[in-house]
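Consider the two complexes below, in which subunit A is the common component and subunit B and subunit C are the respective partners.
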Partner chain A sequence: MKTHLWLLFLKMTLKILLGDLMKTIKKDKIAKLLDFLADKYELFAPTSKDGLVVSFERIKEGKQAKLRFYNSNEAPKKLFFPQSETLFSYSKGGRETVPEPKTEQQRIIFGLKPCDTKSLSLSDKVFDTTDFKDPYHTQKRGNTIIFTLACNRPQSSCFCTALGLGPFLKEGADVFVVDLDDKYLFEPITQRGEDLLKEIPGLEEAAEKDISYAKELAGGVEDKITTKIQLDSLKEKLDKIFDESVWDEIHQKCLGCGVCTYLCPTCHCFEIVDEQVNDKGKRIRIWDSCMYPAFTLEASGHNPKPTGKERMHQRIMHKFNYFVENYDEIACVGCGRCLRNCPACMDITKVIEQINNLK
Partner chain B sequence: MNNPYLPIPVRLNKVTLENEAKDLKTFDLAFVNPQDVKAFKFVVGQFAMISINGIGEAPFGIASSPMNGAVLQFTVKRYPRGVLTTALHNLSAGQVLGLRGPFGNGYPVKELESKNILIVGGGFALTTLRSLANYVLHKKNRAKFGKLTMFVAARNPGEMLYKEDLKEWSKRSDIEVIQTIDNPVEGWKGKVGYAAPVLKELAPCPENTYAVVCGPAIMIKTCLFVLFELGFPPERIVTSMEMKMKCGIGKCGRCNIGSKYVCIDGPVFTHKQLQELSGEY
Partner chain C sequence: MLINEKQLEKENIIIIGMPCAGIIDRKKIYAYLGGADVKQANIENGIINVKGDGFEEKLNVHDFLHDSCLACRYRNPVLCDILVGDEIPEVEPKDEYGKIEQLEEKSSKERWQYFSKELSKCVRCYACRQACPLCYCKICFVDQSFPTWFGKSTNISDTFSFHLVRALHMTGRCVDCGACVRACPNNIDLRMLTKKIEKDIKELFDSEAGISIGENTPLASFSEDDPQDFIG
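Up next is the complex of A and B:
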């Protein structure tokens, strides 16, 4: 009897701690929930074009969201770091004006996969530094609530687990969402996620079996991701092989198209250019790529990275060595976009394997 | 929030042609808004981004001394392919430009205090070295430093930068100026020969001395070799690097040498640091 009471007490406590905060909603009501969010917030969700989930776009109606998808073709980084972004505008004789961020309306991104959610915290390390805060990126970050959707449809090209991440990684999410076949489970991760869930009408309290089913799903999905990368001594290895002939080989089939860097959720390199028509102009930043010859070409004609070899070296080193050196993390989340979309079938996991196999 | 991408307006006060080849000009820039004078506090060896609206932006080392206050000087080489440098060379006094900065670490002036300083400069890389020399020579600072030697190499006398400064410095007893040109020219009173062999012949003493070296890659390479031979340890050889930059604040991702960004970790590195970094430059 005593044990029974004790167990009951434990159950209640757990329910208060977790269950009460976790919510569910039936799948047929999710469009309504998104309608509610779209009404109050700028809502972004995966949308489809020609039957493919290409990217995260602003939606006005819940039914526009396509929540059953592998992952968006484009990385959602563009919502924080647009491919082209005006830094300021000017007119001849006038003062520069900076485009005012719309701070009055908060944004919600619904359905980010855990890998892409993680990529945002990696971008923060570059843009949100103490010495020079990037106002454009940090304002958008601060103004955006993230609903991460657990990934239960990994592809054969995915390798998040190889990087110590996973399809059910909650890091970076405000609310973590799990697809439970006939309903969605919502778990608040941050205070603002919790507060937001309280606002949403129609949510039901999660039952214990919902929570345990989510756990069950998580284990099953992890097993589906089979690519492994040996990371233990990778940085040290890369430290030592700057001049090795392996780089002559690795870049050979690369066309230098840069699609890997454009689709990569963590690639953050940019170019700054002026656009001017008559007396009015603006300074904009646009995505750039270390795979392009002009990336480091100086006005004198000197180019420290003149061939594909140096450029491939830069890309691999930046992700797996320099970023680790500067920010203690690898600048790759294993989303697999670069290897799915490379026209020459370059596979970054194979490149790492090749480097690891060097004596 | 302070926006590091937003330039402050500066007025081009004066343009000085520096060389016979007519591709080097020094630009005197003054702040349009008085409050920016105080806000733009820089140390010797730092750089700034100069922009012309509609043309673009590029980094340039500050060639004037921070002791000079309100006027900033930049010496810019015009390259036929350089869109901004060409546009800058076509400007005349009175125009308003954009300025961002100061950026970078600058020369380790605190560390240089009480040391002898050997400045080795070649071609138009003399810009921030001139800032350093004038900083050390300022009456408020001179006593803090040891012996100051300025070794300057140029192709010919017409290509010597900062002829006025060189003249002034030569009159002083608290700086030794040695100039060399590649080939003999009638009436030339300085040395003749490439930088490295002349430096070897001068054989500066490494004791309690920092060497600050800037110049074309080949000159740096050969002079470093001489300095090593003379006994300068790599941690007391200082140089300033240049790379293509866009942001100047460690985000745009292109000016790295290995894991270090020239814009925020540099542009000033000791030779020891460079030896430890593997990377192209």
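Up next is the complex of A and C:
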């Protein structure tokens, strides 16, 4: 009983403290707030590339940001793991020096969706381990403050809740932002988020009704995501069907392009190439895709994954089996980009259902 | 085209064709609805009923067809052994080259700007290539690694090279099915390249791809009458 009371007391104290830290800003002042951030940091926000394509780009002025959007076409992983990144440059003759990656300016990403925010922690499992630390990725992660924008416009193709995530998931955010129709609510999640909020002028204390309205919104949005998939025993199931004939079927529709993997926030496979002109060259890391024939092509000419069947097998296994084996989490956040953009309308949730239904 | 290019033997295949009055362009609907999430749609008597959270719209099919379908002169199969359904009347396309003519009138600088902006959206997922019925090279030039023909970084000049070489490779072969545009996840209007080339081929060689068996492919055959103005 005593412990219970203590917990209650602790919970209330936390609530009061957090309540004090929560801020709001009127919507008509958000561009000014972003101007302030763009002045002090490298600021990235969703921008409109044409009527249909939204992309996270560097902005210099707050008014460039398009904060009412479903989600960006491309996953914002490109800001941490660019499609093409020069690891180092070299020139022939004399002694070779390979410089350390240079320290970059502090960055802010404003408006990342909760699914994409979560995807960053999945990439960390690959690029930032106790044994290996990828300096290019970890440095960008370290100097980037993330303002996650609660997702109040999920699409019918979204399925984050099926993965145990949600449109109001705060994991990975430094500041969590909620659109309250006429204003935005800011909740600091990390210390650096809290410190940054203190710097920003023009923020108002959040009222009790703002906080309760945000909670109300959260519940309503979660109900809008209706796709359910059974993932509990999927890993074990995949272990058992490694060689089953179902793989002959699953890939049939697939055209073998890289849309799903390139737009996926968690796909992280890459290739390293050297590009040299005369005596100056660069070593570049570029995205690669398990859906391409060249992905596993060996120097001898042998290809262990010669057809679409093996490639689809690799993609599904990596996300729902190998990644789980290695890191205890599924490499999917349910953003729905792969199924929205697949030219052949492949739906990964249906593939999982098909696998689950196997005897 | 695939038969003419000897990728298929006519005697080995039976073609089951069906008339097609056009495909609806989802992207045009999304653009019209301001990106809204369509949850349900059906077509009745030339009207598309689309429904989503808090909206319901009735749209005229004709206004939302793919650009390639609006430019189509062959709504019935040009070659088939079995026809499913009845033939439908052919329609003369309106303003088939409208967008291309507008682009042609622009200065080279403006055209460069247009294509730079459009192609900067490309992520080189190669969905256009994979969806194309006539891209069948066993190894695409961009995948060649020994020797490398093509830079792998996201340098815009490499992206240009890919699209220009692909467009040139399509010259006199592209049947304007529009599959590349439909496949593109980033909404790039690739027909601005292929349709322009189709127009040039029509004007220079009076030729149209994929209409009959045994037809000449202008860039794979030589005639003394071929236009030679470019030689100067």
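By our rule, the second predicted complex is superposed on the first by the 332 of 359 C-alpha atoms of A that agree within 3 Å, B and C clash if a C-alpha of one lies under 4 Å from a C-alpha of the other, contacts with A are read in each partner's own complex, and residues count from 1 in each chain.
Please note the rule applied: a residue touches a chain if its C-beta (ideal position, glycine included) is under 8 Å from a C-beta of that chain, and two chains touch if they have at least 3 such contacts.
The shown structure was predicted, so the numbers you read here are calculated from the model rather than taken from an experiment.
Visitor: With the two structures overlaid on subunit A, would subunit B and subunit C clash, or do they fit side by side?
Guide: fit
Visitor: Have a look at where A:K113 lands relative to subunit B and subunit C in the superposition and call it first, second, both or neither.
Guide: neither
Visitor: So, does A:V273 touch the first partner subunit B, the second partner subunit C, both, or neither?
Guide: both
Visitor: Where does A:V259 make contact in the superposed view: on subunit B (first), on subunit C (second), on both, or on neither?
Guide: Second partner only.
Visitor: With the two complexes superposed on chain A, say which partner A:L87 touches: subunit B (first), subunit C (second), both, or neither.
Guide: The answer is first: A:L87 touches subunit B but not subunit C.
Visitor: Where does A:Q155 make contact in the superposed view: on subunit B (first), on subunit C (second), on both, or on neither?
Guide: In the superposed model, A:Q155 contacts subunit C only, not subunit B.
Visitor: Give the angle at the C-alpha centre of subunit A formed by the C-alpha centres of subunit B and subunit C in the superposed arrangement, rounded to the nearest 10 degrees.
Guide: 90
Visitor: Mind working out whether A:R315 is in touch with subunit B, subunit C, both or neither, as first, second, both or neither?
Guide: A:R315 sits against neither subunit B nor subunit C.
Visitor: Applying the touch criterion given at the start, work out whether A:V126 contacts subunit B, subunit C, both or neither, answering first, second, both or neither.
Guide: first
Visitor: In the overlay, answer first, second, both or neither for which of subunit B and subunit C A:V98 touches.
Guide: first
Visitor: With both structures superposed, pick whichever of subunit B and subunit C touches the larger number of subunit A residues.
Guide: B
Visitor: Aligned on chain A, what is the least Cα gap between subunit B and subunit C? Give it in whole Å.
Guide: Minimum C-alpha separation, subunit B to subunit C: 6 Å.
Visitor: Considering only the contact definition stated at the top, list the common interface residues of subunit A for subunit B and subunit C.
Guide: Touching subunit B and subunit C on subunit A: residues 271, 273.
Visitor: Contact residues on subunit A for subunit B in the complex?
Guide: Within the complex, subunit A touches subunit B at residues 87-88, 90, 92, 95-96, 98, 126-127, 129, 131-136, 138-139, 239, 242-243, 268-274, 276, 281, 283, 285, 288, 290, 295-301, 304-305, 310, 314, 317-318, 321-322, 325-326.
Visitor: What residues on subunit B touch subunit A, complex-wise?
Guide: 1-7, 9, 51, 53-58, 77, 79, 81-85, 98, 242-244, 246-247, 249-254, 256, 258-259, 264, 278-281
Visitor: Which part of subunit A faces subunit C closely enough to touch in the complex?
Guide: Its residues touching subunit C are 49-53, 55, 69-70, 73-74, 82-84, 86, 153, 155-156, 224, 255-259, 261-263, 271, 273, 275, 284, 286, 289, 292-294, 341, 343.
Visitor: Report the residues of subunit C in contact with subunit A in the complex, numbered from low to high.
Guide: The touching residues are 27, 30-31, 35, 37-39, 53, 121, 123-127, 129-131, 143, 145, 148, 151-155, 179, 182-183, 185-187.
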